[in-house]
Every structure is written in structure tokens, then in C-alpha cells.
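Each in C-alpha cells, the structures are laid out below.
You will see two complexes here that share subunit A, one where it goes with subunit B and one where it goes with subunit C.
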Partner chain A sequence: MSERVISVAILAALIGAAFFGKLADEPYIITLATKVAILGLAGVGLNFAIGSGGMVSFGHAAYFGVGGYVTGILASTALNYEVLTSWPIEISGTTQMLIHWPIAIALSAGLALLIGAMSLRTSGVYFIMITLAFAQMIYYFAISWPSYGGEDGLPIYVRSDFPGLNTLDPISFFGVACGLLLAVLWGVARLMRSPFGLALEAVRQNPARVTAMGLGQYRVQLTAFVISGAITGLAGALYADLNRFVSPSMLSWATSGEIMIFVILGGVGRLAGPVAGAALFIILEQILGGWTEHWQFFLGVMLIVVVLYARGGIVGTLAGRRRYG
Partner chain B sequence: MILLAEQILNGLQLGVMLFLMAAGLTLVFGVMGLINLAHGSLYMVGAFACAAVATATGSFWLGLMASLIAAAAAGAIIEIVVIRRLYDRDHLDQVLATFALILVFSEGVRWAFGSFPLYLDVPDALAGTVTLPGGIVYPMFRLFIILVGGALAIGLGLLISHTRLGMRIRAGENDREMIAALGVNIRTLYTIVFALGAALAGLAGALVGPIQSVQVGMGEPVLILAFVVIVIGGIGSIKGAFVGALLVGLTDTLGRILLPVAFGWFLDPSAATTVGASLASMSIYLLMAGVLLFRPRGLFGGAT
Partner chain C sequence: MDEPILSVRGLRKSFGALKATDDVSLDLVAGEIHALIGPNGAGKSTLIAQLSGTLCPDAGQIRFGGRNVTELAPAKRAALGLARTFQVSSVLPEFSARQHLRLACQARGSLGFWRRADRFTNVEDRADQLLRRVGLTADADVPATDLSHGARRRLEVALALAGAPRAFLMDEPMAGLGAEGNADLTQMLRTLKADAPILLVEHDMDAVFALADRISVLVYGRVIATGTADEIRVNQDVQEAYLGT
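For the complex of A and B:
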């Protein structure tokens, strides 16, 4: 099977699951499908850094959490009729998703620019540890800063609004999340075929050659890192609305690890891989979690087996062909 | 002034603990090229082994022995079963597999011991305080940790520079094919290095047991601090790990005391405490960023 067919099948299965939930009147299934779409989107962001850019970031929880806190802070201040700041001009919160998203994207992209600019001075294992350490810095900051809930997190009492839709209806919110996922996947696919995408691919495969051709490796990778962080930040903004709650745990290193699991389970560098990975993870969580409270033990064992023996993830196994580089 | 001296000692104590963690990480990375996220789990295993044995026998010293044995054994087992297969893989596979090991260890320990924290008592011989020159009254147990950590740092330095095992470790860092060709059993050497690092981590966990509570998930915050330490010191360098550990320990401890005071000079007290505390929790990461700005390979890292 070609990768394109598999990608379409994965997305069709996701949408099919949500509609099955609607027809069978099982809103829980729709919510799970929404969760897959949102976490898959976060994974698509990380996959852009790891799979396309060859940058193993272990700190993507930072962008995910920043996106989440944008929604959380804006929505909760609006719902409590407070102002965000009264100086230099008065800014109040809002419950409009269409305002949350650009701010979440801008702030997570800005953070990714800062962290990426410092981390990309290094490579390999240094890069992994440094991205992890910076994400941890944001995490500790969120815990020790008391204004927005601190360690306890910040509830959002009503899900944010999207023009023309009742977002509290599960299938409508699924539509919003899935629509964004499809739009981002389309954008990433186009980007990878653009001159920038080809340059990025070249940097991953042979940095020395790219430098010799006069392309700046650092700038190409930094741009990709910023795009990657922005996508994951957008997913974080949606995730806050899904749970109607944000807490520092969105920023924790375990979240970085989970997003990375989606990418690797699905297949590194595969377009729709993270969606398949997130789906498998959530299905496992449901099945194993219903069977034993120690499901993470078995998850860990399965992951080890996957890493050692089933390289290439779901999409890689189905496509039966290794990617180049 | 006395408060400051006390905090410097606390910083040293945190520093030597971090060194025990970072030494294993940096050795394993230097010799085998492996990034091991599960190192924090070995720290936890050591703490739990110590707490369990100390509670059962009533002797902290037996617990300390148990922590060394349990952590070294756990290290050797995961090296043989899982880690050994990861040396030739890229870092991404290593990260995921060792992350999975964390899940297995954390959930396994929770299964065996439950979710409630265990408590370890300071042994009688080390309970109480000592008065140091200058009139500083300091808990004896914390001083003991500093001394043990310092002695182990010297011991490890001698082991690496003056013994046959140390010579092989250094040779393994430089050229693993060559020392394999010279007849050294490289697989056994790797297992020994890994178990040695694990034992140090387990000992660190057991030593902090009486100061903090022993609970699932205690290892990961320390692991991340140890990462910061070896990034600052330079990956693969024991000397770098030692210097980095002391720098991080002192920065973290002193930052928490001094930053709120410093902000108190120009902010009102409650704001100063908030801003100071938030900034203090970020201080070691800012230190790391500063070091990287000038030395991307860390203070003692080689050029590669």
C-alpha cells in the first residue's frame, strides 16, 4: 500500500469513528475521536521537527502547554469578567476560538524561536537534553507563578465559542478539531514539497552538502522548529477546550514523552502517522486501563517491544518500505 | 551570614547528590553513546530498596547496602535485556525505549509498594547536629552526605585514572572497536559500567531518603537536573559532571534564598517573593543557557 492510501484510510477511520458515535448516540466515542484528532495534531507538530527536520525535541510539552494556557487564561478571564491587564491599554479576555488560535500560534512560535535558537547551537544528545530542560523550566515557572492557578491549574467553565457552531455539542467540536487537523496536514504536505521542505529534507539527510551548496542549515532548521512548535501550540489551545481545564501537567516532561510516543508508534516522518499513533495509544489506554489500573506497566513493555522489534511504526509496517535517510 | 553559610552547605549537599546521578549518566553516554532516561528510575529503586530493608531490619546501613545491590542488579538486568540492543540505534529509539522503562519501573514499584510515600529515619549515629567552625550549626546527616559524595567523587576519579577497569573505560570512550580487537570483552565491560552508574544512582536515592519522602516519580526531577549538570559540564566528562553538579547545586539553593531578597530592594515584599521564587526555579536553566552561549559543548566537553 502506498503511504497516501494509508493516510487517507487513517483519517477516514477517525471521521468514521466520530460519526459512528453520533449514530449510536455514544458521545464518549466522539470525545475520544476528538482527543485523537487533537493529540494527533500535537504529534503532527512534533513529527515535523523529528521526522522532517531530524531534530529530536523532548520538550514539545512547552508549546502544547503554552497553547493551552492561552485558551485557559483568555477564556477564564472573560468568563469571570476580569481584565487581562489594564496597562498600558485595557485588554480583556475572550471566549472566541478564532482569537485564541492566532495568539496560541504566535506565542508558541515565539517560544520555539527562543528555545530553538539556543538549542540548535548544539545537536544530537545535547539537543534532546536541552529541549527537555527548557520545557522543564517553563513547567516550574507555571507551578511557581500563582496568578493563574499555579499548581492547581485553571478551569474553563464553558467551552470557547466558534462562530455558527454550538461547541458544547461533541460532534461540532469534533468537526472543529478535525477540520483544523486536516487543514494542518494539507499545509504540511504542501510545505514538504515546497523549496523550503526540500531544503529541510536535504538538511536532515546530508547537512554538510547543504552547507556546501550555500543554504544555511541553522536557519532552515530553526524555521522548521518554529513551525513545529506553532502546530503543537495550536493543538494545546484545542486540548484546553476539550478538557475545559489547563494545568501544569500539560507542560510536564511526561507530556513531551507521550507526544513523542504518538510520533514513533505511528511512524516517524509519516504524514498521518501521529494520528494513527495517538489513536492506538488512546485505544490501548481504554482497553488496558479498563482491565488493570497498572496499565502503564504493560504500555511500557509494549513500547519496548515496538522499539526493539517493530521499527517504522504503524504506517511503516503497513507501507512495508523504509523511508529514505 | 550564618544563614548564608548554611545555604552554601545545602547547595554542596545537593551538588554531590547530583554528581552521583550525573556521573552514571555521563559515563554511560561517554562509553556507550546511550542516553538513558531510566537513570532516575534506578535512583528510585535504590531509595525503595533502602526504605524497605531499613524498615524490615531497623538498620539504615543494611538499607544502604541493599540500595547499592538492588540498583546495580536492576541496572545489570535492564542492560542485558533491553539497553544492550539500543547501542547501535539512533537517539530517538533510545529515548523512547528508556522512557518506556520509566513507565515499567514506576508502575512496577507502585504495584509492589502502593502509592503512598515511605519514610526513612535518619540513623541514630548521624542524628542531631554538629557545630562547625564559625558557629554554624548543621545537621550531621547532611554533612555525612557531603562527605560521602565527596569521597565517592575522589574514588571515582581514581578508579577512572588509576585502575585497569578505568583504563578500559577510557579506552572504550575513545575507540570501542580497537579495545574489542585487543581482547577486552566489551559486552561485559558495558554491563559493568552500566551497573556501576546504576549503583551510584541507587546510592544517591538511598542517601536522600531520610531527607525527602521515598515515592514513585521521585527520580525524574533529579534526572532532569542531572541532564542540566552534564550539559553544563560536557557530556562524557567526569570532571565536568563534578563541576557542573556543584554549580547547579549552589545556583539552585542560593537562588531560592537570594533572589527574593534581591527583588525586595525594589519591589514590595509579596511581589518580590513571587517574582523571586519564580525566577529562582528557572535559575539553573538560565545558567545552562548562559554556558551554552559561550561553550556549546559544555565546560569540559571535547570538540566533536
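For the complex of A and C:
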């Protein structure tokens, strides 16, 4: 089976699940499908760094959380009729998703630029550790910042607005999340076939060769890292709206680990892999979690099996060796 | 003689007490193959590393194309046209030869984010032309990991050509090739010097004496002689230090 067919099947299954939920009048299923779409989107962002760029970031919760707090802070300020700041000009909050998203993207991209610029001077296990350290700094900052809930988090009483849609209707919000996921997947696929994508794949395979071609590896990787952080930040903005709540747990290292689990389960470097990984994660959580609260034990076993015997994850096992367009 | 394209003056590099490069000066002028020979441990690889920029010299100067590049990063030197091949083939295992060339031909411009990499007709034409030149047309779409050793060597040459080179640094291009591959590559290098001069580090003495216009002999980090093949053959110091053994 070609990877393209598998990608389409994964996305069709996701959309199918949501419509099944609509027809069967089971809004909970739609919410789960929305969660898969959003977490999958976060994974697509991380996968761009790990799978395409060879940068194993263990701190992507930072971008996810920053995206979440953008939505949380803007929306809750607006809902409480407060102002964000009154100096130098008065800025008030907003409940418009179309304003939340660009700000979430810009802030998480800026943060990824800052963190990436420093972290990319290292590699291997040092890179993993330094990205984790930066994310932990932001986590503790959020915990100790009382204006926006601190440790207790920040509720958003009403889900943010999208022009022309009632976002409180689960299927509408699924449409928004899934539409964004599809758009980002299309963009990433396009990017990977561009000269930049070619260079990024090349840097991952053999940096010395790329240097000898006259191309600086640092610039290529940093650009990719920023794009990766921006995608995960966008997912964070949606996730806050899904839960109507943000808390520092979005920024915790456990979140970084979960996003990485989506990538590994689904298939590192596979376009739709993180969506499949997130779906498997949610399904396990629902089925096993109803049976025992220690369901993550089975997740761990599954991860070990994937890492030892099926390195390509779900998509890689089905599609075989990667091909480059 | 024209101004040399690559010129090294008083280069020094020590590792502790070991002088790996000891006051080395040499020139590479247009149209020549300048071979660098020397016994194992003479400091050839250290010198190449300093020329390509992966190692920083302790003292001395490297000028390339009339510009001081002593402190310049490796990628920037390559972008200026200093093309290198590696002692151990350095390719992108998952990419085909055509994809290598596609990237190499675009690497020096600004990289596009949107248009498909294989839709740039001038790049595709150039890649085809280079594949033909090194005889890789038939294997153009095979991943590099499945290419034979000789084919990878030729791919490296094509990649060096792709970057509009002004000088080649070749670190033992013949290493590990059989007699036939060796003869092929010797022939290819001979045509290559019309594109740009070659600084050739090589162990294969037959190839060196067949190809080189000038030879420099490096022993314990020092250049003990520079001259034509005939001059080097009869040079007393060289015989004692190297060829005589």
C-alpha cells in the first residue's frame, strides 16, 4: 500500500468517526474525534522536527501550552469584560478564533526561534535535554504566574467564536479542527516536496554532505524548528477551546512525552502518522482506561513493541520504506 | 603564473605536542592538478580539514579566490566554490543520484518553500547533464545506499561539479576502487581540471604520477618538496623520507 493511500484512509476514518457520532447522536464520539484531530495536529508539528528534520525535541509542550494560553488569556479576558493591558494602548481580549490563531502561531514560532537558536548548537541527547529544560522553565513560569490562574489553570466559559458557525455544536467545532488539520497536512506535504524540504531531509541524513554543498545546516534546521513549533502552537490554541480550560499541565513534560508518543506510534516522518498515533492513544485510553486506571501500562508495552519490532509505527509498517518525491 | 586560486601561507596546527601542520605553504593555480602525497600520519587529512573549514588552524592564512577565508565556515567556503569530495564516500543514503544533484544545483540560491523541487526545468537539465557526464544516467533514480562504491564515488564528483566550483579538494578519491574503477576515475579527473584546478590527496602513486602537474610532499606536517612529477621522482629528500622506504 502506498503511503498516500494510507494517509487518505486515516483521515477518512477520522471524518467517518465524527459523522458516525453525529448520525448516532453520540456527541461524545465527535468530541473524541475532535481531540484526535487536535492532538494529531500537535503531533504533525513535532513530527516535522523529529521525522523530517532529525531534531528530537522533548519540549514541544512549550509551544502547545503557549498556544493554549493565547486562547485562554484572550478569551477569558474578553468574557470577563477586562482589558489585557491599558498601557501604552488599551488592548482588550477577543473570542474570535481567527484572531487567536495568528497570535498563537506568532508567539509559538517566536518562542521556537528563541529556543531553537540556542538548542540547535547542540545535538543528540544534549538537544533532547536542553529542549526539555526550556519547556520546564515555561511550565514553572506558568505555575507561578497568579494573574492567569497559576497552578489552578484558567477556565474559558464559552468556546471561542468562528464566523458563521456555532462552535458549541460538536460537529461544527470538529469541522474547524479537522479543516485546520487537513490544511496543515497539505502545507507540510507541499513543503516537503519543495527545495527547502529536500534540504531538510538531506540535513537529517548527512549534515556534512549538505555543508559541502554550500548550505548551512543551522539555518535549514532552525527554519524547520520554527515551523514545527508554530504548528504545535496552533494545535494548543484549539485544544484550549476543546476543553474550555487551560492549565500548566499543557506545558508539562508529560505532554511533551505524549505528543512524542503520537509520533512514534503513528510512524516517525510519516505525514499522517501522528494522526493515527493520536487516534490509537485515544482509543486505548477510552477502552483500557474504562477497565483500569493503570491503562498506561499497556501503552508502555505497546510502545516497547513498536520501538523494537515496528520502527515505522502504524504507517511505516503498512507502507514500507519511505520514498521521496 | 596567474594569481593562485587557492593559496596557503604559513599554516600551523598542533594537537598537544604533535605538529600536524607545520608551516605549510602551497598554491593551487588554474588548470592544474596539484597532488599532495605523504606517508600515513603526515598530516594530509588535517590539512584538508583546515582548507575545507572543519578545523581551525592555529596560525597562518588561507586565501581562496583572492579572499581571506581562514575563519570562514565550511558551508560558506563551499558556497564560494570550494568543492570537496570525501575520503569515505559521503552521500545521502535515502536520496537517489538525481535528488542529490537537484539539491546541489539549488543549494546556493535561496531555497523555495512552495514550488515542487522537481519542477525547476533549468535544475533538471543541469542534473541530467551532470549525470551523463559522470555516467550515472542509468542509475539516476536508485537510492544512494543501493549504489555501488564506484558509482557513489562518481556521484561525489558530480556533486562537486554541481556547485559551480572554482577549485576541487579531493581526499583520496581512488580509495577502495578496483583497478578498472581506478582507470575510469583517473580519466575523469583529467577532464575535470578544465573546469577547475584540483588539489588531490591520494595514496595511489600510479594515479598521482599519471595525473599531477605538480606534487607536494608532506612529511611530519611539513612540505619537504614541491615540483613536477619528474622533479619529485629524483628528489633526494623525498626518496629518503618516503618513496625509498
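The working rule: the second predicted complex is superposed on the first by the 321 of 325 C-alpha atoms of A that agree within 3 Å, B and C clash if a C-alpha of one lies under 4 Å from a C-alpha of the other, contacts with A are read in each partner's own complex, and residues count from 1 in each chain.
Operating definition for what follows: a contact is a pair of C-beta atoms (placed from the backbone, for glycine too) under 8 Å apart; a residue touches a chain by one contact, two chains touch by 3 or more.
Because the structure is predicted, anything quoted here is derived from the model rather than measured.
Overlay on subunit A: subunit B and subunit C fit together in the combined arrangement. Measuring from the middle, so to speak, at the Cα centre of subunit A, the directions to subunit B and subunit C differ by 80 degrees in steps of 10. Of the two partners subunit B and subunit C, it is B that touches the larger number of subunit A residues. In the superposed model, A:128 makes contact with subunit B only, not with subunit C.
In the superposed model, A:47 lies in contact with neither subunit B nor subunit C.
With both structures placed on the common chain, the touch criterion links A:210 to subunit C but leaves subunit B unconnected.
Contacts of A:260 after superposition on the shared chain: subunit B is touched, whereas subunit C is not. Applying the stated contact rule after C-alpha superposition, one finds that A:190 touches subunit C and leaves subunit B untouched. In the superposed model, A:71 lies in contact with neither subunit B nor subunit C.
After overlaying the two complexes on the shared chain, residue contacts for A:294 are found with subunit B alone; subunit C is out of touch.
In the overlay built on the shared chain, the residue A:268 is in contact with subunit B alone; subunit C does not reach it.
Touch criterion met: A:303 reaches subunit B, while subunit C stays clear of it. Superposed on chain A, the gap between subunit B and subunit C at their nearest CA atoms measures out to 12 angstrom in whole units.
Those residues of subunit A lying in contact with subunit B across their complex are 50, 56, 58, 118, 121-122, 124-126, 128-130, 132-134, 136-137, 140-141, 143-146, 253, 257, 260-261, 264, 268, 294-297, 299-304, 307-308, 311.
Against subunit C, the residues of subunit A that register as touching in their complex are 190-191, 193-199, 201-202, 205-206, 208-217, 220, 322, 324-325.
Those residues of subunit B that touch subunit A in the shared complex are 29, 35, 82, 85-86, 89, 91-93, 95-97, 99-104, 106-108, 110-111, 220, 224, 227-228, 230-231, 235, 274, 277-278, 281-282, 285-286, 288-289, 292-293, 296-298.
Within the complex, the subunit C residues that touch subunit A are 52, 73-76, 78-80, 83-84, 86, 90-96, 99, 102-104, 106-108, 111-118, 120, 159, 162-163.
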